[in-house]
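Here is the structure we will look at, set down as structure tokens.
The letters A, B, C and D name the chains in turn, as written, and every chain counts its residues from 1.
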Amino acid sequence: MCGVVGVFGHTEAANITYLALHALQHRGQESAGIVTSDGDHLHPVRSMGLVGEAFSKREIDELSGQMAIGHVRYSTAGESAMKNAQPFSVEYAHGAIAVAHNGNLVNANDLRRKLEMDGSIFQTTSDSEVIIHLIARARELEVEHRIISALKQVEGAYSLLFLSENKLIAVRDPMGFRPLCLGRLKDSFVFASESCAFDLIEAEFIRELEPGEMVAVDAKGLRTYRPFRQEPTRFCVFEHVYFARPDSHIDGRSVYRVREALGRALAQEHPVEADVVVPVPDSGTPAAIGFARASGIPYDMGLLRSHYVGRTFIEPQQSIRHFGVKLKLNAVKEVLAGKRVVVVDDSIVRGTTSRKIVKMLRNAGAKEVHLRISAPPTTHPCFYGIDTPTRSELIASSHTPEEIARYITCDSLGYLSLEGMMKAVRAANGGVVEAERSHCDACFTGKYPIEFRPGTISSLRRVVN
Amino acid sequence: MCGVVGVFGHTEAANITYLALHALQHRGQESAGIVTSDGDHLHPVRSMGLVGEAFSKREIDELSGQMAIGHVRYSTAGESAMKNAQPFSVEYAHGAIAVAHNGNLVNANDLRRKLEMDGSIFQTTSDSEVIIHLIARARELEVEHRIISALKQVEGAYSLLFLSENKLIAVRDPMGFRPLCLGRLKDSFVFASESCAFDLIEAEFIRELEPGEMVAVDAKGLRTYRPFRQEPTRFCVFEHVYFARPDSHIDGRSVYRVREALGRALAQEHPVEADVVVPVPDSGTPAAIGFARASGIPYDMGLLRSHYVGRTFIEPQQSIRHFGVKLKLNAVKEVLAGKRVVVVDDSIVRGTTSRKIVKMLRNAGAKEVHLRISAPPTTHPCFYGIDTPTRSELIASSHTPEEIARYITCDSLGYLSLEGMMKAVRAANGGVVEAERSHCDACFTGKYPIEFRPGTISSLRRVVN
Amino acid sequence: MCGVVGVFGHTEAANITYLALHALQHRGQESAGIVTSDGDHLHPVRSMGLVGEAFSKREIDELSGQMAIGHVRYSTAGESAMKNAQPFSVEYAHGAIAVAHNGNLVNANDLRRKLEMDGSIFQTTSDSEVIIHLIARARELEVEHRIISALKQVEGAYSLLFLSENKLIAVRDPMGFRPLCLGRLKDSFVFASESCAFDLIEAEFIRELEPGEMVAVDAKGLRTYRPFRQEPTRFCVFEHVYFARPDSHIDGRSVYRVREALGRALAQEHPVEADVVVPVPDSGTPAAIGFARASGIPYDMGLLRSHYVGRTFIEPQQSIRHFGVKLKLNAVKEVLAGKRVVVVDDSIVRGTTSRKIVKMLRNAGAKEVHLRISAPPTTHPCFYGIDTPTRSELIASSHTPEEIARYITCDSLGYLSLEGMMKAVRAANGGVVEAERSHCDACFTGKYPIEFRPGTISSLRRVVN
Amino acid sequence: MCGVVGVFGHTEAANITYLALHALQHRGQESAGIVTSDGDHLHPVRSMGLVGEAFSKREIDELSGQMAIGHVRYSTAGESAMKNAQPFSVEYAHGAIAVAHNGNLVNANDLRRKLEMDGSIFQTTSDSEVIIHLIARARELEVEHRIISALKQVEGAYSLLFLSENKLIAVRDPMGFRPLCLGRLKDSFVFASESCAFDLIEAEFIRELEPGEMVAVDAKGLRTYRPFRQEPTRFCVFEHVYFARPDSHIDGRSVYRVREALGRALAQEHPVEADVVVPVPDSGTPAAIGFARASGIPYDMGLLRSHYVGRTFIEPQQSIRHFGVKLKLNAVKEVLAGKRVVVVDDSIVRGTTSRKIVKMLRNAGAKEVHLRISAPPTTHPCFYGIDTPTRSELIASSHTPEEIARYITCDSLGYLSLEGMMKAVRAANGGVVEAERSHCDACFTGKYPIEFRPGTISSLRRVVN
């Protein structure tokens, strides 16, 4: 998964982009990058690591210009990590162009093969570079039209920001899988994957880009385009369940309110007699609060999260039990001892972490442990930009909730139903009328909105933007 | 402030120390260090930064031996930072010795001056080195007795761990300002500032060292000493209010339960009509839960804390309002808009952060903001190991709560009373009888348990262990 | 200027390449790089700095495969330094290919412009990349024929080594500006710019590639091609005068013997009464020995060269006279005091260094200083791979030898004549018959063997391979 | 071996020291350090590596003050390398003091043991620190007198520079083993191990310090002291043979002229019929020139030295014959083929390098190889500051010249006699009358001028300053 930021017309464009990326840090911790334009040249900087570590003050200061795009990227394996860091920028016949991409193309491999046979040389294994080569070969004069020509050839999920010497162009794919917001900061326009980035830089949220919309900003102002055939909307429901920050407002609703509503619905679908409701912090917190309110069971912080979990931890040689989880979470005995505990989380992936948490709660004295998940079982991988494991690793793809409960060793396990989830999501939309199937729920249902040939999947998943 | 760890008799002593330091990371983020002994030589490694960044795998692997002590240290200013990182280790006539110190000596300058006039050469500006020179000059044969001889000359707060080639020695000062716990990990003994470190390494908590107790461990086993004149106990109450981790059990009680009790007492002392209780996360969370329960007002997460706040952030040139706080916290509009909000925090230092938080809550739509502090006003600096600002910087040293409320722009401000705080702390002790004045409350009252000459203060405070 | 190395069929290909690059270090100190092939994939490593600093043991060890090419590069200015480091390697439709280039193309800009208009995207500003794009667009099936097709479109100086997954291909341009040698190391073939590289790796010198020759080595053995129209040979005479190592055998003759012969001829053309002949070490040493022998004047080391001149020296703020030279050379008073001194160097570029040397000799007590240069005046820049300054910076382009002598403050100045130089060079060829004009002498005569349009010069010279 | 530099009264004291250290780089390549004083505080910087790599521009700029001392240090093994880098500086009761030491104390271990029993704590394993502790315990008021009091207790070889907040003090031991020169740079005084350092910084050479002399410089000017009992002079003859730079003037004579005279004497003692005299560059060059002149055999550069030999070279796994030497030297076939060659070097240590050089000359075609050494056989280790191997590693300690010649495979081997060497050294003194035994020749004779107990030797040799 990734996050993107764009700024047009601000004297501190690089710095504003840097701050906004910081607010989107949860969308990608592997690498970060910023490209600015001073009107004549692009100035790039890319680095592995967190935003706060990736750039030096001097590097930011040298990014001159009043236009910028930025990118944070989720952890992927392998040596190509640095090479695939974004924004990706090149010089070509018509000047310079940079791109920041959140999403995943499903026909990237076919397009790449065709371009290479015609003599194109690729620098990365990223599907985003395919778009750049299509732009370089496009015959149109204006960069907007070269971009449109290129994007008409690609299929998949994308929220894109392009930067040329003097234009910033934002595009969202026709189904609108990934979020992209437009805001205003004094006299400048800003773009960001989530609205929480605007809060930090004190920008005003204007609106989200619509699925299939392209917005171009230059010295003459902002223009909007609708170049693609209209498609049904398929916003990623997992952004609501887990991925987005709870203080963001995307897809027309508050993520926090969606999550609290999921917790309330969960309490109604899977009630239980218990003494305390505890979240798996921090992602399970809003749903746990919702569960506690709907059920009337007291909410308490039975699990504490450490703030100091680095990514390169030196493991002990001996097997400390449940080590990975212990580093991040610790149980508070006084909250749990002798209690019947409801523990609320957003999802179960492989089941190993949940199993460790249940053990940790029991070791702290919990009499009963009831696990409640604020979404349906995760049964299918995502091909539109979220780096989920393969199907065989997803425990729910091959096991029933009962089997999972036995493996996890909880006293009961309750998943929110697909209907319950979608009802809660829709209700959080303040009553706006939406189509029956307005979201992509493929990770829960296997119903993929865009077709793809099976052979392309493994390589596609090599690089998630 | 600092944290200390000791391990005796474990084949992975360095690794266990590393992990335990990780659990004490909240007690010091500036530097970290470990010294092991292989029975013949000490092996030290010290580095600036967090535990997870300070050491490489290779460095830890090279720390051979089954005995170790470790130290994390709070941020202090200046170039001497690396030099003053601990554990401090030397070779002297009788072999090698290392020390890890949590606390602060009040007569260190006098002792140092005297030692230097006799030809001693100091390597650091740390008061811990004074102890080492006193040990080097002691005439006793056994290291325990040299340590006793040295400590009889110093005054102040200390929880100390010493490591010689074949002994681990732990000491707590006669008044017991700082915590120090003893545990067992299989066949090895472990020491740590707080019990939460034992949870991570799966050690069993045995007991806390008593004030004035010295414990020595070597191949022959564990011996305990009582070398000092008995003094009244003065455990630091601020460890309960703010400093210790809530999942720790120190001073004979659960920190989490103390904090929840402080919140309950606060609700009784300063009730208010409101719609929601929100904590300043994470330190205000247990007190906010206590406040919510005692008052019956719903608890909610109106402020979200970012997990990605690094220490070297590049600030924007333009003034983003309340920038520092924004990087760490963001308000959730949906929780706050139109509401009368009680916000619970543990202390007000300069007042600037509280002021920013109140503004942030109001910008998110809060109709009323009522600030509740789960301790009395902080009016005096600490000379026993906590790096509080000077008196002139503490807003409560020169302003009344009413004046502070006006500055902070909250609708009401309520501090917990000294009596309320102490009653809640004592009650959390499970009914054990304690002396009337069992804790150091100097930061709230100015009643310092150990005298010192005013001239020594500023320099003393240069280095806090 | 640059140096290239190639190895085919050796189990330690990367290591052998590394050593051979070390022997060619004088041909380029800015950056170094190696690319190996394991039969399936290319493994590249490139770094700024000297060969001995550029690679770690681990990096070399990870360069698996029995084929390799390597490159050292001369210092050029600007941020693009790292980007332009070679070997340059890409993946394209037909697999992977890497190139190492010594020389300079004169029509690179025209070709690049044309390729970009057709949609090619360039990664560097190096003219070598033009060759790669021409190869990627070639329609031939075999890589040899794609390379031939590409090279038929370029003009200029090149000694090239290409590496595909399973072939090593060496090419020398039709005029043979730059050297390229073929050798054998046990069962493997090796290539290097100069034969001195073979001495270090204990390879046997077989022969030099002929101008216009292409040699391809793969599992089937070595094949030679003659794909280009025949041109008159124009080997760079400045390689003999200054650039190549004296222990190399290139252009069919010993560089050491050529230089000694230049010194002898110089003594005959510009005799002088003197007490001692001293070289400007180390490049002037063989010519000074030749001068001493032909003249009968004793040879001595009046100037000592420091072995510790780094490239990043911190200069004093005050003006130490002749500072730059002092760091590298120091005069030995005992050799010089009261003497009439002949000092022998290979060339005068701007004149500033020679002036400083003359002053240094006089300060050491020299009674007379007679400067002798073992080549004609350098009047024109090189466009075929040597990074000489622009014409306006070459003192001999606008001043007579008399004016130069006055500026340099020597008592007499003697340049070897063009005829004298060429006669000495030819004579060193052991009597082999050569064409009247067998060498490029453009830097002394301005007679450039390949035409170019004036507009292309400045940009061409941006990157010298 | 080490080199020292001092500057008093120059606005660019750090920079001048840095440059002078650069000129003394041959005396120590392991570490480099500078300490300045601004009148109130000392500012130190120390680093591993060559002078040109050890410091950043910023580090030098931050060394404020008009007084400085500097140190370069020879390579020694082990982890203590950085800790033992000099100048060594401390704060003690009377202020701050730094020391830079060239030489070796022979009673350091005894003194250290005694100091530690009295409670002193040492930071390094360097014998220089003993001097500092003696100073710290001295009762005298003035730093000069504390230094005298300390030095009266030590025995051995030392050329020392001390820096306090406002004084620079230089001392040479009573026997004068190591050189130390005094110079003037405009209004400031400068000190350096060798006069070649003055040439680079354009200082005027005044004189050498006399054995047993102490010179103190402060705001009041320069004072000289003679605090020690007079001893016979024992200047190290190996400085002339090998260690010092040939452009230096030390011990009252020109090192270059001494070496040339050694070569002349060698030609007389060991004449041979030959075609060419070649030096082992660079240290053998002056003696080879002397040999050629005295014998009438032509001098030529048959061995070329590479300028790019780094210290961390990655060796090939396969055995390239004589690899270590090949990296540094290469033979020039055209000079050697078919010739009877005299090769001149300054010493044979283990014999392995000489053996490789002889093989290299023969491989290049030499018909005969006659090795001539411009000093007697090296039979004993040095305990006064030169890091020679132990006796058992010195081939001449257990083998006759005939046996050595056989091992080295040369056709003949000739060492200069002790008498021949001393005569040449004395003659180079311009006729000044010297005592019969004016130099230390212990490495050739085993006659050590200062007694020591055998047990102390191995540890003494751990650290050579």
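The criterion applied here is as follows: a contact is a pair of C-beta atoms (placed from the backbone, for glycine too) under 8 Å apart; a residue touches a chain by one contact, two chains touch by 3 or more.
Here the structure is a predicted model, which means the values were calculated and not measured.
Both chain A and chain B are touched by no common chain.
Listed here as common contacts of chain A and chain D: B, C. Look at the CA centroids: the one farthest from the centroid of chain A belongs to D. Annotation: 37 Å between the Cα-based centres of chain C and chain D. Mean C-alpha positions place chain B and chain D at a centre distance of 53 Å.
Rounded to whole angstrom units, the spacing between the C-alpha centres of chain B and chain C is 64.
Looking at chain C, one finds that none of its residues touch two or more other chains.
A complete list of chain pairs in contact reads A-B, A-C, B-D, C-D. Across the interface of their complex, chain B is touched by residues 12, 15-16, 18-19, 22-23, 25-26, 29, 50-53, 55, 57, 60, 196, 199-202, 245-247, 249, 254, 256-257, 282, 285-286, 289, 293, 298-301, 304-310, 312-314, 316-318, 320-321, 326-327, 330-335 of chain A. By the touch rule above, chain A contacts chain C in their complex via residues 90-93, 113, 116-123, 132-133, 136-137.
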